[in-house]
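Shared chain: subunit A. Partners: subunit B in the first complex, subunit C in the second.
Then we have the complex of A and B:
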């Protein structure tokens, strides 16, 4: 009998520690003698630095040092990733601290290191920086400085547009958003001069990328950096690149010979942490008379901010490559320009290009249905990709999926379509559907497993969690293969001293990549156990098999505990076998896998006030085989609610001078428990053939599908008028009453 | 001041926040600081039984008062409370950073309403002073409902 653990909704094991308050977030870690850093930040969006006058270090004031860009001239700027086929202006990389100019309000200009945080903040006020303000460029279309460009042309797009029965166009824009994890960023750096070793505890998504970035910036070998990721209070993409402040305190710890801590406060996080979205585009679809999609054109502009951080070029590239969505469109001409603006850089935020693409294509398809007078569901059905693998005209290869099944389930869960009431009734009601495909997985991760006394296992995973629930999920994967209980398996994460090689936790890839590595390592351990069991039972290696009772062969049984005992004995191994505990490791690598889904929304708009009320949401997601449905559901709901926040309230607002006007939680609102409508979920499980689990990714789908679903419902309620999110009462009232002096363009007519 | 039944006697600067005293002087780091401007509720503790934001108080204001933090929620034998157990059962925490604040708010609600059921709408209103960025609140609301339906003590 095989124990089925994959698919079981087991609860998490790390919860008890958190519920008791025994947490170890970076600011909970006590390092005796650690100094604290505060940062002087630019008040200007764009300015030349003319001079910096700093207070002298003073024992009486507890001030150890003030470090500016000049002191850090030996450091390199951030490494920058180059998406395949993209041109990236690597010379525009973010410096740790600037020397002669600042490019966004909030940019760190000087690090003040003092005995306590309060003293550091006191001393920061004594630093005098003279600036010469310059005009700020805030719109990506107005910028003449390109930081990143990618384009692809497949098929005869011009001919398709020339011959098309219908051409439908749309102009769309998504504002900048703040990831706003409840724990802002932070780190502690400690340098051991004798060993030339730097230890960094960092609130980060992973050890690997953080360490590689610090290695590049500090110009020191990765082997001299011990990176520890302790408990992390959320990230949503925003902790995949170390903060410039973290590199600064690492440099300070090396110079001063004392440990240095930086704990970011919320106001710093809102203005200084890299933001998400901030993309706009013109998209056009060529359709045949019967609604078949013939070709797509897209010109996208991304607002990348003042500099490139390591992953800044990734989301616009992802948006551009996913722009054809779930549709079988043979030809496409797509170009994305990432422009320099005088704002904090952008980077991945939950979805990281996926919601951007889904928003544009799904709004455009709804518009096409209106213009062609076709049912919006029927138009989608006629164009769905149905054969896999599918090569998109943007160069992606979708591995698997069943888009129509997701659509049918979403229709069933949404119930019968309620016709929109005409404007002028007591309420404007709309419904909307949206489909999405999500690039997930990809790249490599690894795992190492060790058999310990009593038949217990220790697994070192290359991946580390920040709330996702790696621990029980990976324990389920391993326990099923090892025919043991999850309780026999301990996971260890987040320490470069023990973790095997990998990349990190982002892009909905942990189960597919790191989980598959755990599965492969467990399989290898079963092989090792069988080899030893056969030796002990005097049988051929193939003559034993693993059962929940242990290895069975020729009427005898050996449990994992007995195997562990034998492995520890000097003569316990077959001739030629290495003595000591059984170990196995695995590295798993695959191409991207593609999750998908269909979301639906039903909304009301009060014509008197313009107030939007989302009545309910439906989320059908296909993340492949679900290992733990309880945790996968948590990912979906969390993502949907973030998307709902994006629809209702969230926007990083800048004034004409480039000052952020939503720099507190009073101005940048997050939704509360009282504002969440009923969310009905459904799962479709189409396993991927690209990994041993069949798992794709569930981390972002919720945040991808709900945005265009609500957008389509709002447009439906407005009778076809298009408004950009967030759907504030002001914008909707203007759209309803034709009082638009702003972008609420009446672009859709029956 | 007394925290979780233990007396803490220490000197503080007049500007020291209660949240910083709890975390860095009393060493009770289970209480987290999420915004330091009174919006997110992560730093919620109970002051003489009432939930308060410890980032909006100075430590000196709590002189001689009685505080309860997340470390004081489990029973004397270390057994998790009904509310704490419900949080795990309903997957009410992901990153866990906001959890202590939600527990202290919800625990005060359950204590204030010793008997009788609490509607979902009421729970949602009561919890609206605490922000969670991970869960979408579904599991948290379900956990508090479950705890409200269980015998309280």
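Then we have the complex of A and C:
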């Protein structure tokens, strides 16, 4: 008899605490004597800084100091990641505070430290910065400065295009988006001069990357930085790089000898936090007469903003490498140029390149079906990757999947295809399908487990949650292997003083990497327990086995509680064994795993107003073995809702001078529950061979598949006419009506 | 997003509030749903904030002589829940349900929405369709304005320094009146891009007020006349939208007006 917990839809253990408002976010942490920071920000998208005049502390109520880029000249700019094979202009890294120029409106120029935030904002108004405005470059194609470039050419692409029966091309673009977490960013920095120790409480996705970035910028050893990530109110990718403001207050705390807090407000978050998407491209597909895909060409331009933050090069690289999607395309020529523009930098936002790739390839495949007069599903079936592992022409290795099963399930859940109605009718209706792969997992994480009195376990995980539900998920993984109840397992996260080494929470990797580390650590604990049980029972180690009642051997049983008691006793261990509580640890590392899925959408457009209603969405996702289907389902729903926002209303709008015109939620629109249609989900579980759980990732699929599914449904409703998201009433109305207000004649639907 | 320093003064009485508001540098605070964000953005920087919330005399909703009298401090949620309003002036019940979300309506006031005069706000448009009268008071006395006299531009009214909107009077609409309010907004609870409020007493009275057709609420007089002359909903709606410059906005106004008229004519 064994206890099965993997696959159980258990609720999160933190929910009651979260719903009662008992969480402790950074701003809830009281540090006596902490000062507060506000920032003077650039009003220009591009300008030279000619001079900065700052008030003396005596000139403003409660003012402690004003710190500019000159005072921080000893600090390094942000470290920048270099995706495999990419060229990255590391010299264009984001400085903590600039010295002689600004490159986006909203860039922090000076840190104002005062007794309260209100006083800091008052004093910030006394800082006088003289700028000489320069022209702002806003389009990545118009930029003359490349911050990142990656390209790959595999197979004889030119020959394939020359010989192809059909060549289908498309030009696509996705706007910039903001992550809009409910809790904006923030941190507290406290410096202990005697110990030369810096403690930073930070609203971040993880402790490891935040600490490594601060270590690089401040030029101090990681061992001197104690990083604590408390409860976090959402990130969606936007808290994987510490804010320049956080580095500034850390430097301020060291200089001033007082703790300094920065709690970002919504205005700062909208104009200053790195944004997502902002990519465009020309994509071409060469097809044989029967619809087989022969080769793909893609030229992508990413709007990276004024500087590189640590992860800025990652999403465009991910988009470029995933551009062939779920299709078996033998040859490809792909290039992505990440251009410097005078806007806030971009970085990962839920999907982080995956939706960008899925959007372009899936719209192009629909266009190919229309142009070749082939059924859109049949065209996909003819080109699906069916054997794994599969090496893509862009250099990725897909580990596992069953794309056709996902497609069949999505078709079944979507029901019979309803004929789209002609545009003269009272509604224009369309349906759309989209397939995707989600690069997930990869890299290493670790876990340490201790047996405690009473048969309880404490697990230190290297990975920390910001809403995902690590706690119950990891408890399920460990409890099943330890043959105990999840309630006997306590998880500890988010403190560099206790957490073992790891990377972080991003890229749909926590279950696959950190969960696998927990599994391996639990397995090692079972081995330790068996060794001790065998010793106590006078048996060979192989002669005991673990059951829910404890270790059984030769008719006797020893529970984990008894093992714990014995381990604590001076003579409880076999000869040569270390005395004290049983402990085990594990580090797990693997290559990327690839989740996949198929989403379908049915939409209506009101031809008189242009209003889009998404009537229904089907989301079939294959994240491998599901540890907790309830939380996986929640990830899909959350991702789909963010994709719907991207389809319907979301867009960071800049004017011609580079001023963000959507700097409040009055202008940057987010969906409400009233806009969310019924979402029908389905699961396919194709375990990955790359980890002991068979788990892939579920964090981003919802945000990846729903965007192109809705886009294809909208295009279907528009009779093949091309419109880019967000699908505002204004755009759709104009697409439906020519300038002369006559409804356009629809192309024949596929 | 912390406001610039200001002096906070709770209003001791209506007369006391008028005295305090006679200072050019003073601003009245009602529900705060628009003013507080403006303060936090430091776009509004009053030296003195006169809090009207203690003035219970301005928080009333009753019918006198057949007319609905709405105290300026009446919460939008109170208006929304009032059976009297739903019975006699259902246009207001329908319009107020589009104002933000429940938490906003619990705090936001009817008078605040009128005095703020956001061109995308619902209540001023509904009140315009209902021929509401706006009672203003100052140290010099009282005056009463119509909607077209009160609303002067975006966020601009005829209210002068030291003058306070104290009550809104909505005349009776008569038996057999049919009303409808329709709007187009990006999302539920968002400010409207376009809207139409219609009031129809067959053969007697036709009122059409438009949201998003101009920088203030406007009446579609030509459409009203056509409707009384027997025009169909589509023709009246075409006239209502005829002067709107932007073609999508014109389509929205025309469509919303036609649909509202079709509803009241059904």
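Here are some notes:
Heads up, the rule we're going with is that the second predicted complex is superposed on the first by the 736 of 750 C-alpha atoms of A that agree within 3 Å, B and C clash if a C-alpha of one lies under 4 Å from a C-alpha of the other, contacts with A are read in each partner's own complex, and residues count from 1 in each chain.
One rule holds for everything that comes next: a contact is a pair of C-beta atoms (placed from the backbone, for glycine too) under 8 Å apart; a residue touches a chain by one contact, two chains touch by 3 or more.
Source: prediction; values computed, not measured.
In the superposition on chain A, A:508 contacts neither subunit B nor subunit C. Considering which of subunit B and subunit C touches more of subunit A, the answer is B.
In the superposition on chain A, no contact is made by A:394 with either subunit B or subunit C.
In the overlay built on the shared chain, the residue A:610 is in contact with subunit C alone; subunit B does not reach it.
By the touch criterion stated above, A:231 is placed in contact with subunit B alone, subunit C being left untouched.
In the overlay built on the shared chain, the residue A:674 is in contact with subunit B and with subunit C. Applying the stated contact rule after C-alpha superposition, one finds that A:18 touches subunit B and leaves subunit C untouched.
Judged by the touch definition given at the top, the superposed model places A:180 against subunit B, while subunit C stays out of reach. Contacts of A:729 after superposition: subunit C is touched, whereas subunit B is not reached. Of the two partner chains, both subunit B and subunit C are touched by A:265. Comparing which residues of subunit A touch subunit B with which touch subunit C, the overlap comprises 118, 265-267, 664, 666, 670, 672, 674-675.
Listing the residues of subunit C that touch subunit A in their complex gives 1-5, 37, 41-42, 101, 184, 186-191, 193, 247-248, 251-252, 255-256.
The residues of subunit A lying in touch with subunit C in their complex are 117-118, 121-122, 125, 265-268, 608-611, 648-649, 664, 666, 669-672, 674-675, 728-730, 733-734, 737, 741. Looking at the complex, you find that subunit A touches subunit B at residues 11-12, 14-16, 18-23, 25, 27-28, 30, 118, 180-184, 231-234, 236, 265-267, 466-469, 630-631, 633-634, 637-642, 664-666, 670, 672-676, 679.
Interface residues of subunit B, counted against subunit A in their complex, comprise 13, 15, 23, 27-37, 39-40, 42, 69-71, 73-74, 80, 84, 87-89, 91, 93-100, 103, 123-125, 127-141.
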